[in-house]
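Structures given as structure tokens follow.
Across the two complexes that follow, chain A remains constant while its partner is chain B and subsequently chain C.
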Partner chain A sequence: MAGNDVAQMAHLMRRAGFGTTRTELEAYVQKGYENVVDELVHPERGTPIAEDILQRYFGGEGAYVGLWIYRMLNSKCPLQEKMALFWHHVFATGLGKNQHILASSDQIDTFRRVGMGKMRDILLALSKDPAMLFWLDNNENRKGEPNENYGRELLELFSLGVGNYTEDDIKNCARAFTGWTFAQPIPLYPHGYYSPDFIFVEEEHDAGEKTFLGHTGNFNGDDIIDIIAAQPACAQFIARHLYNFFVADEPQVPSWNVTPPRDAAAVETLANAFTESDGDMSHILRVLFNADFFKAARFAKIKSPTELVTGILKLVGTHHRPEPGMGQYAGATSLMGQQLLNPPTVEGWHTGKEWIDGGLLTTRVNFAVKEVSDAAKPGIQDVIAQLKALGNDAAPEKFVDKCLELAGPMQVNDTTHGYLTQFAAANGPLNFEDEDASEETESRVVSMLQLIVASREYQLG
Partner chain B sequence: MTATPKAPVLVVVQLTGGNDFMNTLIPYTSGIYHDSRPVVRIKAEDVLPTNDTLGWNPHATPLMEMFDAGEVAVVQGIGYPDSNRSHFRAMDIWHTCEPEKIGTEGWVGRIVRELDPRGQNVLTGVSFGQGLPRACALAGTPVTSVGDLDNYGLLTSIGDTSQREQALETFKQMYSSTVGNGIVMDYLSQTGMDVLKGADELQKAPATYTSDVEYPKSSIAKSLRDVARVHLADLGTRVFYAQHGGYDNHANEVPAHPRLLKDLTEAIQAFFTDLRAHHTSEEVVMLVFTEFGRRIRDNASGTDHGTGGGAFIIGDKVKGGLYAEYPSLEPSRWVHGEDLEHTIDFRGIYGTLIEQWMGIDPTPIVNGNFEQIYPFSE
Partner chain C sequence: MARPYGLLRAGFPYLKCLSMRRTTNFPIDIALGKEGRLYIMCRSDGTAMIRKYTVDDEDRGTMGGYGKGDGQFTWPVTIIADSAENLYVSDEFLHRIVAFNSEGEHIGTWGEHGTNAGKLNGPAGIAFDADENLYVVDSLSHRVQKFTKDGKFLLQWGSYGTGEGEFNMPWGVAVDELGDVYVVDWRNDRVQKFTAEGGFLFAFGSSGSGNGEFNRPAGIDVDAHGDIYVADTGNDRIQLFNAEGRYVQKFLGDATLSKVALDYMMTNASPNRMRDMADLEPQKYLRKPKSVAVSNDGLMFVPDNGSYRVQVYQNQAVPLTPQEFSPPRRSVTLHQE
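The block that comes next holds the complex of A and B.
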């Protein structure tokens, strides 16, 4: 199997999914790159995860994030989960405010359902989503006493970006969404949980005339979304978000109206794909993953905590059957600065370099090191088996190279490679001669993998 | 414990989301206040009056007690011209002192650079909580970010000491390579090396701390206790940063805001009690700030983003009292017909602390000269 094909496929699956086990990776390579892209952008053609079995293992609302991580690891349509995560980044809604896990998890289910469709449908689903309506107070947005919060963020953070609308547009946008609310007040406790439903309350809706982005009429929220989705600024804004999430790190959203994209041509390509397809995500993603700028962007991003955690779990090959205990990984991403379902603000998580500071790097490294510490895990056993196949007395360089290949394939610079080789050489050649020696060797493989996942390079995906 | 005067220490507490200053120090005798806020107003009889026009929210009693003891300078009407109502932009402005363009250098980062230009002590600035706020971000100047003080360090899961040391040695070698692999790799190198340095030092803090002071159970109390533990370990930290979130009370302000004020002010009181018990309270001044106040009128459930916030400067060296002017509630003075007018620029308040407390020239840190107040004794 050609090394470059493997590396290219691993890149695609890190970005469009959450990494692969070695076996999965090789199966994808067999299918061919463009076929895999095709499969990824059409989740409706794939086999969905068996929901009934999941319910058995992930009962209780508190387990939702663990269940989501399980889906990321095991979905046959990983891009669908990745897009749900993408929209969660962009339409950041915090659990801290509603304290209602069902409303928040319903929102993620909605992103999974509509997230690869058309922008207009996505924004409409968002505007009817109870968790969002509560998060940005649209349930308080009534005729005569408008609450501008949703109207403002819809334009500033969810679709157009600062500089593409006026304060009056915000006011009129807010008026158009008056009466868009949900049927049950959240939080609901102490009487238990059930999902709130979107309702439109006619008597709270301001049906008067509104002028919005140059259009005038008695607009309701649907009309506003039609106008937004047709704006060139919307195509640009979403293109840049997709670039930042899937291709290479961009600066944070608030500076977008003053800092140009790092690859303006790439963003333009994506924006054109948006325009020509009427904002169809599946089409734009196909263009993205097949583009040269994407293929050339290996390791051009800092992994988000979710990517780091799922990537490690794929490497060690655990959790491919439903089992309790997934919640610990929800805790792990939180400690790395990404509490799923609870982004810090409506702006979402700051990405790229901002995933890293002293405390966060420490947490990332310590988590990864701990996960690879158990030689009994299937992924580690695979690495050991492949090293054994190299035979006794394999040179330290071969030991290092094989581990790097199986942990990625990863690219490290010569200096890092040098120190890893030094570390490999310090205890002599690998030896599988007898049981004692094998045990000692397994522990050395674990130590090598610990250092690899602790490296700077491993922070990049 | 301390015989010689110590270098001054600044603790910054950020209230994230926009604290409602009008419901913290309340213009309880103003008819306009009560008329504008039929839902979220605090009734005059519930307010704890401090003078004929202003009184404390009853859930901020600890702060009132400290104010009455002369330890709290209230900066009324703090803000800046053309206040921005976006949280992120507003917080960015407070973090970088750049209202007109996007700034990348944080004001706390700049103080740290001034205090320790060669970055010799990675603990000169320490921030508690998840992630480093932009206020502390400054390329080339490490500010240590601590999520969990009690388990701070690298490769802590490797139980065997000699194995861990061997691994740490290789980790150090891999991260110290400075071949010029681009900004991101260099940043990762620098961060990794700073962690190695800081971790060795920070381990001392939980190990040496003892106290009889009980902190309440809240996130802000945990952070302030961590500040106390590191300060008392004498590691050379000059600026601490802590955050308390949840102040964006567009809706349901009535149940939410009092709880926040209670958690915050109880934590602050416990913190200073702790420092006093260790005879170090005169070394520390705290600034409590938020990115903006809320609108004058409520929206029948909460309050929307507004201007004219309030800040607090707290400590034993502080000359307590009310500073600057409480923004006028007269409708003719409302900005955009709905907002309080700010009466003093936040950059002047940073300047006050930087110059009069830390003894540093504030001009390059806050990007200019702004009116200061004089809230320190002696």
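The block that comes next holds the complex of A and C.
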């Protein structure tokens, strides 16, 4: 199996999914890169996760984020989960304000359901999503007393970006969404959450004439979304979001109207794919993952906390069947600055270098080191087995390179490689000759993996 | 007690609701004690406990707790009481049975993970027979095992499959007063009935949402008349079958506010207003019930898993003698006699 094929596939699966176990990686390589891309962009052809098993073992609304992480790890359609996470980044909706875990989790379920479809359908689902409607106050947007919060963010942060609309467009957009709200759900006490449902309240809707982005008519929200999805600015904006999320780190969204993309040609390619497919995400993603700019972007992104946590869990090979305690991983991403379902503002999380500061780096490293510290975990056992296959007396460089290969494959700079080799050499050749020697060697493998996941390079995905 | 010759099913009305959120979060099962005492098993991610309760809606504190230590559970599934009101809890993650006395003192733990005879692999349903031997549904090994109360292996049957006596991740188990054993074959969407030694008698149910069909049924109980109650979890209902496995009726839920919930709401103005704005129809329905238990006096208790409460119904079946109940008919009839 060619090393470059493995590395390229690992890159694809880190970005289009949440990493792989070594066994999964090798199976993907056998299928071929383009076939795997085709599989990824068509989740409807894949085998869905067994919902009955999830229902049986994971109870309680508080378990939702842990359950989502379980889905990330175990879905046979990982891009579907990755796109749900992508839209969660773009359409950031905070549980802190909503205080309704079912509404927030319903929103993620919606992203999972529509997130790889057409932009128009995605925006329509978003505009009818109770968590979003409450988050941006559209439940208070009424004829004659409009609340412009949702209308403004729909244009600024969700579809077009600053500079591609006017204040009048915002006002008329908001008017078009008057009366788009949700039915009052039964309150939490005494018998638990009930999902809220979208409703259209005709008497609160402003059916008057509106001019929006150069079009005039008695527009409602559906019409507004049709106009938005056909804008070249929408294609550009979503293309840049996709580039930022899947290819390489861009500056933060608020600066996009004054800072050009780092690879304008790549964004243009994606925008063209958007336009030619009428905003079909599956098509755009196929173009993206098959593009040379994507293939050349290995380790050009800083892993989000969610990617770091899921990547480590894939490496150690745990949680491929239901187990208690998935909630601890929701806690882990939160400690690293990404509390799923509760982004800090409507802008979403600031990504790239902003994922890391001194404290957060320590948290990330501590998590990773702790997870790989147990030699009994299946993924660590696989690494040990492959090292054993090298035979006794493997040179330190070979020990290091094999561990780097199995932990990624990872690329490290000469300095890091030098330190790792120095560590490998300090205790002589690997020795699996007898039980005592094997035990000591396993401990050395764990230490090597700990050093690798603690490295600067491991922060990059 | 001999089974009646027949039953006049006068009705099975909803009686009342017990408990609320915070007191019984995600109740997965219930054990019936004496003098109205109830033991409600609660489980969610990272929490587990037994809530001691009464049929009069009174909270009597908790027993056990989440963990892996003695007297703790991680993924409890079923709780049952023996004749002395000692409580036995299956834990499908720790692969063991944990016992308490009615005061909550831990009195024993047994079970070892494995797939050989006598080992446990995801124990789910448990039920006593008349001699207080314990049937354990060993879900991940797709079998039923029988033990003494303190864990001595007696016998086993079952393997993975869809045929008679085969299972796919079975869940609940019940034993009737004749010693026959009913097993909920969770992923095969059916119930199978066996002799005490595991001889196949009959099965009923198939996948679906129609009457008599199941969507991942979980818990089961059998009353003194031989009626069979099945928690049809995925269809959010309880289904009642007669002793031959013929569908009789279903319970979708009729909840009203429990006494403690009513007291709580009297001091919470905001949710009262929200309730006034909301469509309240859904609040009465069961949400993912995973078990059902029937008492000797005809009360049916349904831990309403998604709604943090227990719904209680009162059976109004009247036993009939041969003089009051004509012989079985082979054919249906339109003739009014």
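Operating definition for what follows: the second predicted complex is superposed on the first by the 454 of 461 C-alpha atoms of A that agree within 3 Å, B and C clash if a C-alpha of one lies under 4 Å from a C-alpha of the other, contacts with A are read in each partner's own complex, and residues count from 1 in each chain.
One rule holds for everything that comes next: contacts are C-beta pairs under 8 Å (C-beta built on N, C-alpha and C of every residue); 3 or more make two chains touch, one makes a residue touch a chain.
Just so you know, these numbers come straight off a predicted model, no measurement behind them.
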Exercise for the section: Would you check which partner chain A:207 touches, where first means chain B only, second means chain C only, and both and neither mean what they say? Expected result: neither
Practice task
Counting touched residues of chain A, say whether chain B or chain C comes out ahead.
Solution key: B
Practice task
Look at A:57 in the shared chain and tell me whether it touches chain B only, chain C only, both, or neither; answer first, second, both or neither.
Solution key: second
Exercise for the section: Have a look at where A:362 lands relative to chain B and chain C in the superposition and call it first, second, both or neither. Expected result: first
Exercise for the section: Would you sort A:183 into first (chain B), second (chain C), both or neither based on which partner it touches? Expected result: second
Problem - First, second, both or neither for A:413, with chain B first and chain C second - result: first
Problem - chain B and chain C contact sites that coincide on chain A, given as residue numbers - result: none
Fill in the blank from the handout: Note: in the complex, chain A contacts chain C through residues 52, 55-60, 62-63, 66, 183-192, 194, 323-327
Fill in the blank from the handout: In the complex, the residues of chain A that touch chain B are 96, 136-137, 139-140, 142, 145, 147-149, 152, 156, 162, 249, 253-255, 258-259, 302, 334-335, 337, 344-347, 350, 353-354, 356-363, 365-366, 369-370, 373, 413-416, 419-420, 422-423, 426, 447, 450-451, 454-456, 459-460
Practice task
Under the touch definition given earlier, write down the residues of chain C that touch chain A in their complex.
Solution key: 20-21, 25-26, 28, 43-47, 74-75, 93, 186-187, 216, 233-234, 255, 257-258, 260-261, 264-265, 268, 270-271, 274-275, 277-280, 282-283, 287-288, 304-309
Handout entry: List of chain B residues in touch with chain A within their complex
Key = 16, 85-89, 92, 101-102, 122, 130-132, 142, 144-148, 152-158, 163, 166-167, 170-171, 173-175, 177, 179, 181, 184-185, 187-189, 191-192, 194-195, 198-199, 245-246, 250-251, 299-302, 304
